[in-house]
Structures are given as C-alpha cells and as structure tokens.
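As written, the chains take the letters A, B, C and D, and residue 1 is the first residue of each chain.
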Amino acid sequence: MADDSTREYFAGTDRDRAAFEAGIKLGSIVHQYVGAPLTSATASSLERAIEAATRVQPLVEGVHVRIDRKRMRIRGPYRYGVLTEDLLDVEVSVRVGTARAIGVLRFVPELDYPLMYLKDVQ
Amino acid sequence: MADDSTREYFAGTDRDRAAFEAGIKLGSIVHQYVGAPLTSATASSLERAIEAATRVQPLVEGVHVRIDRKRMRIRGPYRYGVLTEDLLDVEVSVRVGTARAIGVLRFVPELDYPLMYLKDVQ
Amino acid sequence: MADDSTREYFAGTDRDRAAFEAGIKLGSIVHQYVGAPLTSATASSLERAIEAATRVQPLVEGVHVRIDRKRMRIRGPYRYGVLTEDLLDVEVSVRVGTARAIGVLRFVPELDYPLMYLKDVQ
Amino acid sequence: MADDSTREYFAGTDRDRAAFEAGIKLGSIVHQYVGAPLTSATASSLERAIEAATRVQPLVEGVHVRIDRKRMRIRGPYRYGVLTEDLLDVEVSVRVGTARAIGVLRFVPELDYPLMYLKDVQ
C-alpha cells in the first residue's frame, strides 16, 4: 500500500484498515441489494452481479456470494420473493499491505440475526 | 386478467393499470440499483441481473436494460464508478388483459434529466 | 401541463401519465428505503424523510407514509429491525393537467402480498 | 463486550471489531440512501433519518450526517436532485469494549473521490 494515495488519510495500521474495508463491503452489499425481486431462477444472476460489483471496490481480494434458495420466500399472486439480509451468505477478503481481513455475513439461527463478523484478520 | 386475484383492488381500466405498472417497474429499477459499483467490465452482469429481477415482477412482458459505458464516470484512486440514473437506458413492456404500456427511462440531454415516460399505451 | 417541457415525450393521455407517475412514486419508495434499520422510536423520522423525498418528485400533489409499528420485527442481540415492503402503508396523489391518480401500497393479508394499486384515477 | 452474544463469532480483537463495525455503518449509509430525491429544503429530514437509522445499529456511540447543499445538483424540469456519495459528510463512532473507532466519509477533492477512512482507532 506504499503507493496508495489514500493512505495519508487513515489513522491506525494496515490491519485496522483491512478490518474497516471488510466492514464497508458487507454493509454495502446488504444495503444496495436488499429489496431486489428474485426467484430461484434469477438468484444466480444477482449473485454474479453482486460479486462483480464487489470486486471492483478498493482492496478486495476475493468475494463469494450465495443466496439461500431454501430460505427464499416465494409468495403472493405473482409468485416471487425479494432479497432479504437473511438470505445472504457472503464472504469477502480484503488485503491492505501485508494485512488481510475476511468478513462474513450469514444468518445465525441461534442469534436469530444476520450477523456480519470477522472470520479472520491478521 | 379475469383470473387475477388483485383485480378487485384496482380502480380504473386495464389500460390505467398497465400505465401504473410500467411506472412501478421503472421507479423500482432506479431506486434499487443506483449506487451499485461498476466498471465497463461489470456492467453487463448488472444489466442481466436487473432484467432478470424485472421479469419476475407482475405483468411484465419484456424488459431491456442498457448501461451507457460512454457516459460512465470511472474515477478516484481505485478506478471504478457507480450506477447513476443518467447511465440507465430501460424499456419495459407491461400487459394487463388486452392493454399494454411501454415505459422508457433514458437521459434526455435537452432536459438535462433522466426522464421516465410512456412510449406507448393502448 | 401545457407548459411542461416533458410532455412531448409522452404517448397517451394525461390520465395515462397520472397512473404511470403514481406507479413510479410507489416503486421508488419501496426500492429506495427497504432495508433501512429502524425501531419504533425511529420510524417517524423515516416516514417524514420518505414523504419529503416524494413531494419533490414530478407532479406529486400529496403523499402519506406510515410504517406499521405492530408488524415491525425487532430482533437479534441488538434489538432493531429493518424496513420491509410489508410494513409500508403509502398513499400518493399525482396530478397531470386535470387528471389525477391515487396510488396505494399496503400489505393485503388475503393475498399475503404488499400490493400496489390504483385507488382512484380520473 | 463480555456479555455480547455475538462475540464468539469474531476473530481478532475489540479494536479489529471496532474498525470493522465502523466500516459497516459507512457502507450501509451510502448504499441505502444514495439515489433518494432531495432539495435543499428536504435535506435535513434525510440527515435526521439517516442518523436515527444508524444509531439503532450495533455498537454505535455517535453519528453525524451532513448533506452538502452547495454541491447538491438541482436540475431538470422539476428542479430537484438526488443524494450521491459526493454529497455526504458522515462521521460515526463505534465502541467495542474499551476500543473505539471513528470512521469518516467525505468527498476528497484531491482524490476526486468520496473516501471512507478511519479518522481514529484505539
């Protein structure tokens, strides 16, 4: 990151920034795409679009997005659903210098909550 | 539409509803996807995802979405852009009984505005 | 609407456009704000912001937005919820020349669906 | 955070999590509200709604949101604008145990980019 023109704006270490950037990506995904209409047949096009949009963002090393077809709620007279936080299973890896953070979003049944957490940071 | 369980809720004619539904689809597209990160390389995955998500919605007969690569503004240290209303070129066709409405969203330079309009209704 | 510079782009009548514009507003509201975090205590600030944002849009005569506190699902370790389509009760009135359309979004239990419909058009 | 039921899911330290959570909040704000219609007269209602929605999220200690009226682009026949990333000036403070991170989003003219950065972390 020695040549990153944004570096001077950041307090903290590369590790701090890696964790921060992982959080940005997960927050962005949820709030950009939740509400999008979908069915089992269209879920994969949305998964691919979210992955592609995430990869262009700063410092992303890898991303995997999966929409849970089994939890998807197809309903109403027109038989479709919408993307909710609970359906998303996301893992994103961010690299800053030699630091790396892996952030995850997944629904945790014990918490009844779609939790975003750091799976690894070093 | 004789067998559409939603019909009893609607005032007006099938033609009114066709126009209304075309408006819903265009408003939905803009406000769901504006802000999504993109580059020329990822625009097509977003176009396909928007089209797929629109086709599952009520009464849609056809939809075509195009993101204007030439107007796309790639910028900043990380060289990517975001979807804006001005980049979208959308045509959606809705059918209600024998009525059909075609709604369009496109940036109109003379108005300096991304206009949504009825291209045809009958 | 005689002096509306957008008129030449529109097929159909003022009534068609009124229905179309009512649809735009409802589709926009749902897809802009669904996913926003909220509690009973913050719902009114979101209602006011949605109403204010809708009133600045083309041809809106009036709008009323209500978020259903009783159906709101507060959950997880941090005790908050998010806006879903099912929580929204919206009525928007659009005027085009002498035509007027009133669009509604509300959850209809019999359909198990958050329906957008034309309540009145003339 | 000893009594936080989410703790067991997290790798790293409280400081890592503070940075991560600050990132989540900024990413969420941008991707939830960008695209919302606004004028100078309605900007304050949107600022208040964003602040209220942010405060209900996990571990937020404080948040301040400002929409730049001077950079706002009011245009088109209906004379309104939409929220863009460049208009947002956000500072959010997150606390995890004894750790605290302050994240900022603001447009940085030298970078021609709406940068999210850690202003402080400890």
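The rule is simple: a residue touches a chain if its C-beta (ideal position, glycine included) is under 8 Å from a C-beta of that chain, and two chains touch if they have at least 3 such contacts.
All figures in this text were calculated on a predicted structure; none of them were measured in a lab.
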More contacts between chains, A-C or C-D: C-D
Same or different contact residues where subunit C meets its copy subunit B, judged by the half mark: same
Recurring contact interface, reference A-D, options B-C, B-D or A-B [over half identical by residue number]: B-C
Subunit C and subunit D: spacing of chain centres that average the CA atoms, whole Å: 25
Rounded Å distance between subunit B and subunit C, as computed from the means of their C-alpha atoms: 17
Centre-to-centre distance between subunit C and subunit A (centres being mean Cα positions), rounded to whole Å: 28
Residue numbers of subunit D (touch at least two other chains): 5-6, 28, 30-32, 35-36, 77-78, 111, 113
For the subunit C and subunit B complex, residues of the former touching the latter: 5-6, 9-12, 15-17, 19-32, 101-103, 108, 111, 113, 115-121
Sites on subunit C touched by subunit D in the complex: 4-6, 28, 32-33, 35-39, 41-42, 45-46, 48-49, 52-58, 77-78, 80
In the complex, subunit B residues that touch subunit D: 30-31, 34-36, 75-78, 82, 84-85, 111-113
